[in-house]
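Going in written order, the chains are labelled A, B, C and D, and every chain counts its residues from 1.
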């Protein structure tokens, strides 16, 4: 399965500073370009490795119009790495936007009948899909899983946070991944959950908006705090525009929600 | 039905100030004593009428040991007042500890099948009774209905707040009442909900800890902020001890949870 | 001082139900029209008295386009009513959007030097004015004083909630009033605080957006939950448009922030 | 500087499961014993490396009385590792109990005058020390920095969370470390902050309860979620007793709050 992904960001840097980009596909694409220009002149980026093969890019930029263009081609799927005990323990912990500690009692009552990890993942995913309405512009960037549970609506990151928090509350390790998502409409960066089921990290996407087998991992972490495509460490930056594209050679793969699928 | 109620508070006033007591039975008991003493000397209290027949007592006290003794006898039940549109609208609004606005989406999903007020009241009351564990010492005085929903445990005020918030979110007016509760064990002040069902205010007590027909109303309001038995407006006061008693002549009345009962 | 106020609401009622309007000036205007039409046909409204001279209007409406037109003329100012102990105690309590209980410790530290009510009101008002940026579209309808304190921005209701919560936390009774505000720009419904200073309710408007002497009271209550210009009790209603106007004969009155002004 | 540390936990395992201990000193003590017994019989633990030299221990235990005894001797201080860009970025992010995103506006206003990292660290640390009262039993395990800011009291983890959140909000990377703390009274596990100042991680302890130069690192992470001395992954465990000891050969080191000190 050959996949081609790209993104373009246009930014107004009003006060120069330090930016972090997480737009590059994780792992080793067969072909890749990252082109960054400030008012037309090339800008150097420092590549910093992040968990699970991710690569962040750090920029020190001055004032001006910044354009980031990324494109990559991926040949074949990446074999999943099962990960060890350290990961398993980290991804059981509550995090900023996945407050599993506060949801422990609620989750225990609501999902009382589910015993093994696979049933829990299936139960939580379909419950979140049924209870939360996909609606853009309704949630704030500071909203976490509890806000989503109560508010009843959100976008992919909100679905992912609620699934993640409920899974951790029920003892199933869960993390969040930013991905390129062939088939997503409207096309954008996407966020999904990975949960640990019988030693393998399996993709959970309660939005059901894109087939899981063709997703391309960008960044991985505890929640949205770890996987933002753009972070301003210092300075004053406004995002003017964003364009994302992701296609797969041939037809999109089928995706049966009952099947376990790994990101790769 | 003849009911006899009493309470005694012992307080250390370290810095004199203004206190509000809400310990007197609402309405007009046949027999009543309110005796307040600071280091043995009588203290005058100003009686202030509060909604639904309640009476608050205001004190200006100096430093010392304050003892409040209240006792009253009630002969017969009080005919309920249906109340008008103003009340109905007030008790549909979200309040400090009954955040019905934030619970609107959750309530709509969780109680989707219930149509009329009587079914909603029955459904919410039994759901809260099943989901929340009665446990002293687990909730803070700043906790509201959402904290109780998530934390899964609490005392009578927490049960009452969650019931109230869910009812309001579902369009059923609900308020909270502090009561003397014959049969409660361990004996203490109690808090229950009154909900408006077909024009009558009906008692809802998801804790099922005392029969509803013999409850004696003290104070009524939007939530615990309105019905505290002791409020320190100014000064520094410590509650050292509290004793509550409430009995009914003869045997305690039966209470069938399926029946509609008014406070009186 | 002669004041003329008016408002017009245009609503799409997709599913008929019960609405509450709070658009009429409190008290007794010398001249007043309330005209409500559904698809051009007149709709009857039931007037319900609310605290401090306010008047809510209840409607039972069917599906269609609903237009509400209100206009009134006020001759002279209304003598303020000082109110009694019951009010004073009610407006010291925490409420849904003015969580004074949670802000008690913060307020005690931040305003440690202020002793009397007048200094506290002045100190809190200028602090909120300096710390919060007036910015439309940044706050949600479920946001309260703590959200505003942390988020640092909001509109008139957010300023009013934070001032109200801090005042109550510091022992100064405070309530919120919806008003017509001659001089406000852009013109809209406005919300201000009334605080109890030496027995008189005084207007506090940390936004400084309109002169206080010419404000016209509409509704009064604990916080925004009590004073909404439109509440949908049942049904599905969308607000399509709103137009507010408020003028004063001659020039706008001066307003010196150091002076105590009552709403009237 | 020779330091000797020890801890003993006594636990009732009512339902066997998986536990994680973080009690071992980070790095390589010259001498170390970890002895774990269930009803007197030795229990094997799996050592899992954690960030910054930490070591977690995993146990699979059955039902019974579990006793964990740890003791270690450390000779000399450990040279601090500066860490790279990945760490710097991770520890700028908001986390579960250090909600720096929600505190950004508040921190910007409250600490407006502070420019460089060293001034920010000094300013935040003394502000938190002055505003928060050290008081045991007042905070819940689900409380974060915002709860502490509002509530005004807490223990070492609450101080550490508020300092961490404010520092991150102001652009200074900050993490939290569990430590053995010679001189602490009453003796217990302690939590402090490490902040990145000019390329070095420096200890910040707003409680001022123990000298920083003799602290012994146990675990390091984003907040309390990462450094708990005991986590129950599965099972039902009650902590019956805990005893901690930490001494330094000779006299305790001096600690001047104005000096920069690294954990080692």
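We adopt the following convention: a residue touches a chain if its C-beta (ideal position, glycine included) is under 8 Å from a C-beta of that chain, and two chains touch if they have at least 3 such contacts.
The structure presented is a predicted model; accordingly, all values stated were derived computationally and were not measured.
> Suppose chain centres are the mean of their C-alpha atoms. Which chain sits farthest from subunit A?
So the chain farthest away from subunit A turns out to be B.
> Indicate whether more than half of the residue numbers at the subunit A-subunit D interface occur in both copies; give same if so and different if not.
Over half shared, hence same.
> Please compute the C-alpha centroid of subunit C, do the same for subunit D, then give the distance between them in whole Å.
Here the centre of subunit D sits 47 Å away from the centre of subunit C.
> When the C-alpha atoms of subunit A and subunit D are each averaged to a single point, how far apart are the two points in Å?
Their C-alpha centroids are separated by 30 Å.
> Rounded to the nearest whole Å, what is the centre-to-centre distance of subunit B and subunit D, using the mean of the C-alpha atoms as each centre?
Those two chain centres are 43 Å apart.
> Spell out, as numbers or ranges, the residues of subunit A touching 2 or more other chains.
102
> Which bits of subunit C are touching subunit B when the two form their complex?
20, 46, 48-50, 56, 58, 84-86, 89-90, 92-96, 99, 101-102, 141-142, 171, 222, 225-226, 231, 233-234
> Please output the residues of subunit B touching subunit A within their complex, sorted ascending.
Subunit B reaches subunit A through residues 102-103, 105-106, 108-109, 131, 146, 149-153.
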